[in-house]
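The structure under discussion appears below in the form of structure tokens.
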């Protein structure tokens, strides 16, 4: 640890706001980059699953080959 | 002109399948177009006739399954007539972007006369009617020495006499050893065998 | 009735494009009018002081020429796409590479070349020193050729799209950057009395590279656009 | 060798293998990012000239490096899809563009934040910044072109052509922008101070560069998995996958 205290680490001789903001933005972008495709994949899976249930499990019509 | 009657088919398609928007337009479609054959592609609107023709002509190169082999680049007439309104019929044919041949002006005028455009050779095409503009394009059928014709709805906007003349031209071309593949909703009235392909719902490929 | 030679076909295609352009002269005059009008906007925005205008003139003239090329390149293939001529071109036994080059050449002859020819007039109106005018015309002469080639790539990729207008600027403008840099640097160099031949040589090199490679991309783009 | 290529072209195999790669690569990536960030933020000494603001280097340089490399990866994938018609290369190309755009954007943004405390300006038209800006536009062009096409297969082909054109142009753009800047550069400002970088600063930087490459790989694989599912939604293996997942 280079800094003596948390205060010093946050302040960074006046550069703290810039440095921490840059890191925060970067990690937000990283989070978005990782979450977006995963959410899209889940959504597609959910939709396909619903489609499959509609096709096979409809109570009125007998199940067709899925 | 006459074409070598023997040899490989001009156009062969094997196991063509096409899906558009989750709908199977056709699947497992195979055909072999040999010299001396007239083919008609049938099907309802939206059945995939134009898509099939574009695949066969080589304009669509992905999105379908199967294999197409062509002995030559076909003479393809599509929905759009490729006629420039600012050019005269003569210029349209002479400078045609298909770049098939250098035609003599006498030949061009002769072909234009045969599609009923005698006297219109040097008027700008925008002063012609829609049917006449289609005819400018059809004049290529009297000039080209391309053996393989793929024609998408060639009778659109053509009058009865024109349709009859065109069908006679098909027979002539086939008799010379060429091949014609045509889509039309009309029944072809020709005195030669017509091979049929049906696409779309209820197709027995 | 044999297929025409490659050179014969492309001369014919070029003639067709030029005749089409000449029969609708407004299409040729439009970019020149655009050049004139936008040029007139700069003194209104920057103030009429001759020194200011002269300082900005190299960049301003080059940027207007670039925009004029961009705006016209959108329509290079549009008409031929809509009436089916491009389908016929694709089925032609002639190599598409040279056809693409022919379209670019026709575009350059009807925009870039004319812009280069009229640019001295506008240069004088913006107080560009007379000594820099040959450099301006020469750099535009070479540079607009590159712009036409790049513009044709964008046009080929977007010709099948209904709303290609804005998109083509986004695709093409980043690729215009080197041309703008060297083109305006040549003019500025001439103002400062530096030899301009090296700049023109670089533009010429880029033009050669463009002639060699851009038609490949245009041909591929046209095939894709007609397939979609 | 060929069977490997063949497998690469097979969506179910790629979907399965990317899933198992992500299972270990993703945690390692996140760990490396956090360790690298903490190392750079808290454990290295400040630069003797720039002070603490230089710590932004640990995110600015890796994002810049990876965003440029990503363009080449995208173009190579595009070339493979055009030449060998490999559908999965298509998918990879399509997935790269938004990631590259996001990383380029981050690099520009962190560069600006670095510039303000260090050189007193948010933005300078220097060679590197300008090149990165052009790179961002190139990425956005690819994304916009893809979105403009309705036929997504044609869209990826068009994007492949565009990214190849961009690849030829990037060195020219970079060189010309560099030259342009050297022509206009005010001699008093000198930006490049990295030549004498201390090894205590170098190791976290290398770690972060590796971490960002790994992050790029993870994002690429995840995007590809989603895209594969979408494209293959009508096929048997996806239906089986959906059925076996049940309500998970």
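Residue numbering begins at 1 within each chain, and the chains themselves are lettered A, B, C and D in the order written.
Assume a residue touches a chain if its C-beta (ideal position, glycine included) is under 8 Å from a C-beta of that chain, and two chains touch if they have at least 3 such contacts.
Keep in mind that what you see is a predicted model, and the values were worked out from it rather than measured.
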- Once you count every C-beta pair in contact for both, which comes out on top, A-D or C-D? A-D
- Quick one: point me to the chain whose Cα centre is farthest from that of chain D. B
- Whole-Å distance, C-alpha centre of chain A to that of chain B, is 54
- Averaged over CA atoms, how far is the centre of chain A from the centre of chain D? Could you give it in whole Å? 18
- Message: Averaging over Cα atoms per chain, report the distance between chain A and chain C in Å.
- Response: 45
- Task: Let me have the rounded angstrom distance from the C-alpha centre of chain C over to the C-alpha centre of chain D, please.
- Result: 32
- Message: Can you pull out the residues of chain C that are in contact with at least two other chains?
- Response: 227
- Item | Residues of chain B touching at least two other chains | 62-63
- Message: Touching pairs of chains, all of them, please.
- Response: A-D, B-C, B-D, C-D
- Interface residues, chain C side, partner chain B - complex: 1-4, 8-9, 12-13, 15-16, 19-20, 23-24, 79-80, 82-94, 99, 223, 226-227
- Would you pull the chain D residues touching chain B in the complex into a rising list? 85, 151, 153-154, 157, 234
- Item | Of chain C, residues touching chain D in the complex | 153, 157-158, 160-161, 163-164, 167, 170-171, 173-175, 177-178, 181-182, 185, 206, 209, 213-214, 217, 220-221, 224-225, 227-228
- chain D - residues contacting chain C, complex: 82, 134, 137-138, 140-141, 144-145, 148-151, 154-155, 157-158, 161-162, 164-166, 168-169, 172-173, 175-177, 179-180, 183
- Residue positions on chain A within touch of chain D in the complex are 1-3, 9, 12-16, 18-19, 21-23, 25-27, 29-30, 32-34, 37-38, 40-41, 44-45, 48-49, 52, 66
